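Same chain, two partners: chain A is paired with chain B first, then with chain C.
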Partner chain A sequence: MRAVLLIAGNDLRQRLRDKSLLIMAILVPLGLTLVLNLVFGGLENEEIAAFAVADQDNGPVATQFTGRVLGALEREGVVDVRRVRTPEEGRALTEEGAVAASISIPPGFSQAVQAGRPAVIRIVGHVDRPVGVQVARSVVEAFAAELRYVQIAVATAGGPPERVAGEAAQAPAPVRFAEAEAARRQLDIGANMAAGMAVFFLFFTVQFGVTSILDERRDGTLARLVAAPIPRSAILAGKLLSSVVVGTASMAVLLVASGLILGVTWGDPLGVAALVLAGVLAATGVMGVVATFARNAEQAGGQQSVVAVLLGLLGGVFLPVAQLGAALSVVSLATPHRWFLRGLSELADGGGPGRVAVPVLALLAFALVTGAIAMARVGRMLRP
Partner chain B sequence: MRALAIAGLGLRRLFRERINIFFVIILPIAMILIFGVSFGGFEPKLGLTGGQDGPLARRLAAETLRTQGVVIERAAGERALREAVERGEITAGLVIPAGYDAAVREGREVVVRYISRDDPAARQIGAAVRAAITQETYVLRAARFAVSRGGGDFDRGLAAARNAARALPGIRIESATAGTRLFPETVTSFNVAAGSQLLLFMFLTSLTGAAALIETRRLGLSRRMYATPASASAILLGEGLGRVGVALAQGLVIMLGSALLFGVGWGDPLGAAALLVCFSLVGGGAAMLMGAVFRTEQQAVSLGLLLGLGLAALGGSMLPLELFPEGLRVVARLTPHGWANEGFAALTRHGADIAGIVPQLGALTAFAVVLFAVGAWRLRVALTRG
Partner chain C sequence: MGDEPVLECRGLRKVFGENTAVDGVGFSIAAGETYGLLGPNGAGKTTTISMVAGILERDAGDVLVEGRVHSPRDGRGKSAIGYIPQELAIYPDLSATENLRFFARLYGLSRARARARTAEVLEVIGLADRAKEPVKQYSGGMKRRLNIGIGLLHEPRLLILDEPTVGVDPQSRNAILESVARLAAEGAAVLYTTHYMEEAERLCDRVGIIDEGRLRAEGTRRELVGLVGENDRVLLTAEGDLAAAAEAAGKLPAVRQAGHGEGRVDLLVESAREVLPAVLDTVTRAGAAVRAVEVREPNLEAVFLHLTGKALRD
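So, the complex of A and B:
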């Protein structure tokens, strides 16, 4: 045990003297988080779509639509409604992108509907706002459907039309649309960037651990280490420990710093701590295994970078893999990055540490499997 | 001649390390592929469960499926649906309950649940879905109304309601579109991705490639070059050309590769070539400056990553400039990426030729001149001092 601590301590002293570790572990991820947050942060503020409405009819049916139907949408915060005088005015607003769609009701609309003659409502939608335009169209269609319902009821049921229409309007709709609110187990954009960068650069931060065995071989100190009366597993353990210490410290600094700068709260501290530790172990294990395949430190560095970049890319550090469809989402579960980010997301709505059990276990599984492989292969490396 | 030999050395050293091929060629092309394929993935998604166990339920599901601008995904059940909504994998979820047909026919109220986190996008889709339900069920409502007034059984009522619906003139909806698309319709997501990733990786390679310059100094190569009859200017020119050559070679491979593999069009060849050359010069100049200023290779690589990715993000290589807010567009013009992205956008999205991108080429040339001048000056100092 003493030997493990000595080796780790010696490595740590060497690393801390080297400024470039500090740059790679703290400065680069923090700097990139700030820049990415600046660029992507604006995307989060989704605006409520707006409609322009030109009612040139002002009859009872048209007023029902502009007042009751659109009024309800406005109250529910679905759309903002801007009333304009002419269809041209509405079209101009659509053209310049101030509204998603403009709806116009031509003169004589109400009369036509009441007399059972064909009537028209016109919609001009902006080309780049498919959802907003769809809302406009379907709201108008639903309004038309309601009118048709009453007309059909009158046509099929005998009796005085006015009374039937009144009764029909009272009859319950067959389907009730019930809204249920879901919790938010997802990091917002800024937090996601910060966590993504932290875990991405973590892999570079911990890569020196096992690789330093290769350094020692180059410098000729490995032979002395192997000749010392300590088990070989202690050498590997010492190397891994120094990586884990540096990795944990850098993650702590990054999460605290980005939390303070971006105003992110990371959720339950115990859960976050468990995730960080499991994530650091997984990263150290993965980078360690890669190092055991290399002949020298330069080669190890190159291969580790490739693995770190690929895992980060697939794990959703640079793009939201979870939102990009099933295939990529499933593949991403084969990366520690995805589990780490998912774990933090689980804590986003204030849940307790129990929420991260699965992500932490997944990360520990990565650590265990890769650690075991590294242990099995390290014998070859320690042959001086 | 001597300068060219030194330049050639730079290229050879880059590609002798096999691993560099991954970062210089394979990764950029893979990124273009990923972004090209996944761009459509950013449309809002609606999850749907149920609606398969009867003709009426199927009709309702089909009506919701017609919601435009939204991708509809089938989900395994309400639990999976809710979880996907909570994780933001889908914008909202719709649950059509089992036994929908029977309930409607028997006149019991059916509750269709819409699960969402309360945000503007989900509210819009909710309004569209609710409207779609009204559209699909108004005939059913009429049929039930007829039944409630003693009009026989549900099927007869439904048939009568459908017949009546056909005879009614109703309200016709005329729709048209207005406005100009941010991205012309002919532009593929591969096109947008290719231009931006090209610039990101060319510049990144240039900056991290500055490590090679530092290595040249550390290994004493530059001192040995200086000891030959080669003049300091020839060495500087050679090192500079080497960096530019690396950027040019990488850029050409990515441009041709993405054109062949993904059918990416680069617009006016003359304009594209001019942009490529100018941007390579900017990258080469930046590499010389970095190579002169930093002392260790690790520093150059770390800060090269920060500057390379940071400037790319600010210059529209991670998010298209079209989606930038006003203020950030001004910032984008402080980066070479911003100008080059504008240039490629003009060539590939708006049909400009080389004459149309003169301002962009000018700005890039200015960047290149300043970086080369300062870089050559600092590198000369660094080289001659050993």
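So, the complex of A and C:
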């Protein structure tokens, strides 16, 4: 153990003097997170949430829409509705960018619907907020479809037009977020980007560990380590330990910094710590195995970069896993990134450390398997 | 020089694929003795000492360090060895102090002892005044000295140096050779590989001549030269009756051959050191005034040529 600590300490001393480590482990992921958050952060917080609604009808059907449909979404915290008196006021708010879209219900809307005549709800969207506009359109279309269903039902039954409003009130809410529970368990965009960048660059941060054996072979110092009265396994263990220390430190700095700068709440600290440690061990193991297939440090660096990018892509660092398609979504389970992000999502819901048991175990399994392979293959690397 | 060998190698063998790098090499080194492995590049010197140092597994043979069988997993045996590789083996981003202290601790020295030995070795290698600077700022010679210093930290009973003077300027080379001689004088057993005949002759008590993985011969310089059976050559720069001087010298029992040229008498003798006073007396009596004397003894280069049919630098 003494030799392991000495070798790890010696490695760390050299790493701390290497500015590229600081850049790769902290500055680049943090900088990218901030930039991406500036670019995409508003997408979630404003476009999806804020609508202006001008109800000039105030009839029973219009009230159903503004009260029951939008009110329900508002209570869910999914949208933020600003009620305005005129469509012009709504349009002005949209043009200012204060809301993603304005919805206007013209006078006579309820009457037209009840009479079975065509009726119109107008949507004016902000040109730069396609997601928010799409959400507004979807809500209105769903309500319109529901009204058509009720109109047909009333006409078929031969009831009076006034029944439309009553039936509409009885019908199930046309727009609901049935996956609201699951939605809350997703990280918000800022948190997802911060976590994604942290775990993505973690693989680059820890890659020096086993690769530095190849550096030492090139520089001749490996012969000295092998000639010293220490077990050869201590050399590998020392290298892995220095990777784990640097990886854990960089992850801790990134998560704390993104919490402070972006206001991200990661959840239970114990759960986060378990995830970070398991994630660092998995990353160290994966990068270690890749290094054992290389002939020199340069080759190892190239191969590790390819593996890190591929795993990051598949693991949902750059795109949400849901957008990868069913097949790739399953494949993503073979990446530590996916389990790490999933673990953080579980914690984002406010659960305790127990919520991350499965992700942590999955990450530890990665670490165990890859670490064992690295141990088995490292013998050839330790020939000076 | 002690009687008990610090290092004893028997029948060392190492095969890489189809190539037998070392084949049946054996030798021993006593305390205070410097043993040179002399051979051209690719002769098997580095492979041999890598097996001795425990860096390389051997395919056959034994290595005994202080009477104990030594293997790559033998921590105690390794503690007795100071290994100085041919290439620089130092951390360039660390200072000399940090390099030395790290390896001292790795060889099991306590924190206090490591600190003390680091200071001592820095004095020995002449880097005490620049000990805190990153090694990458050092000159080539300074790096070489540090490279050697690391091998001395734990005061090994057996010091292995693998061609430590390759690529070194003459001044640093001289300093290295003096350091090695001093260590041997202090009682360390030294195994020194080189392909420089001059170094082997200057430094080593005994020399093993190795070529194509086999130890062709070993012994003291004189013993090896004796294998060749060559005589010493004495060149006298002189004035006067040189023909008479050569004829008189040729009659001495130890002189095998005598001749003369312009300002010069050329003699082939059995042992120049023994016969030289008699030669000088004889030629002076014969009428020659000797201005300078040059003795050319048969060297290891000639021995190597005799044993292998090729020159050392081939």
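Rule of thumb we're sticking to: the second predicted complex is superposed on the first by the 243 of 384 C-alpha atoms of A that agree within 3 Å, B and C clash if a C-alpha of one lies under 4 Å from a C-alpha of the other, contacts with A are read in each partner's own complex, and residues count from 1 in each chain.
FYI, a residue touches a chain if its C-beta (ideal position, glycine included) is under 8 Å from a C-beta of that chain, and two chains touch if they have at least 3 such contacts.
Just so you know, these numbers come straight off a predicted model, no measurement behind them.
Engineer: Now for A:Glu96: first (chain B), second (chain C), both, or neither, which partner does it touch?
Structural biologist: A:Glu96 sits against chain B, while chain C stays out of touch.
Engineer: Tell me which partner A:Ala227 touches in the superposition: chain B (first), chain C (second), both or neither.
Structural biologist: The second partner, chain C, only.
Engineer: Regarding the shared-chain residue A:Met1, is it in contact with chain B (first), chain C (second), both, or neither?
Structural biologist: In the superposition, A:Met1 touches no partner, neither chain B nor chain C.
Engineer: Can A:Asp219 be said to touch chain B (first), chain C (second), both, or neither?
Structural biologist: Only chain C; A:Asp219 stays clear of chain B.
Engineer: Between chain B (first) and chain C (second), which, if any, makes contact with A:Leu260: first, second, both or neither?
Structural biologist: In the superposed model, A:Leu260 contacts neither chain B nor chain C.
Engineer: With both complexes overlaid on chain A, does A:Glu146 touch chain B (first), chain C (second), both or neither?
Structural biologist: The answer is first: A:Glu146 touches chain B but not chain C.
Engineer: Can you tell me whether chain B or chain C touches more residues on chain A?
Structural biologist: Of chain B and chain C, B contacts more residues of chain A.
Engineer: Using the touch definition from the top, say if A:Arg17 reaches chain B (first), chain C (second), both or neither.
Structural biologist: second
Engineer: Taking the contacts chain A makes with chain B in one complex and with chain C in the other, which residues are shared?
Structural biologist: 18
Engineer: How about chain A: which of its residues touch chain C in the complex?
Structural biologist: Touch residues, chain A against chain C: 3, 6-7, 10, 13-14, 17-18, 219-221, 223-232, 383-384.
Engineer: Tell me, which parts of chain A touch chain B in their complex?
Structural biologist: Within the complex, chain A contacts chain B at residues 18-20, 23-24, 27-28, 31-32, 35-36, 38-40, 42-43, 46-49, 73, 76-79, 91, 94-97, 113, 116-135, 137-149, 151-153, 155-157, 167-168, 171-186, 299, 302-303, 305-306, 309, 313, 319, 322-325, 328-329, 342, 345, 349.
Engineer: Any idea which chain B residues touch chain A in the complex?
Structural biologist: 17, 19-20, 22-23, 27, 30-31, 34-35, 38, 41-45, 60, 67-70, 82, 85-89, 104, 107, 109-121, 123-135, 137-142, 144-146, 148-149, 151, 157, 160-161, 164-165, 167-182, 296, 298-299, 302-303, 305-306, 309-310, 313-314, 318-319, 323-325, 328
Engineer: Can you name the residues of chain C that touch chain A in the complex?
Structural biologist: 50, 53-56, 72-73, 75-79, 81, 83, 85, 87-94, 98, 102-103, 105-108, 150
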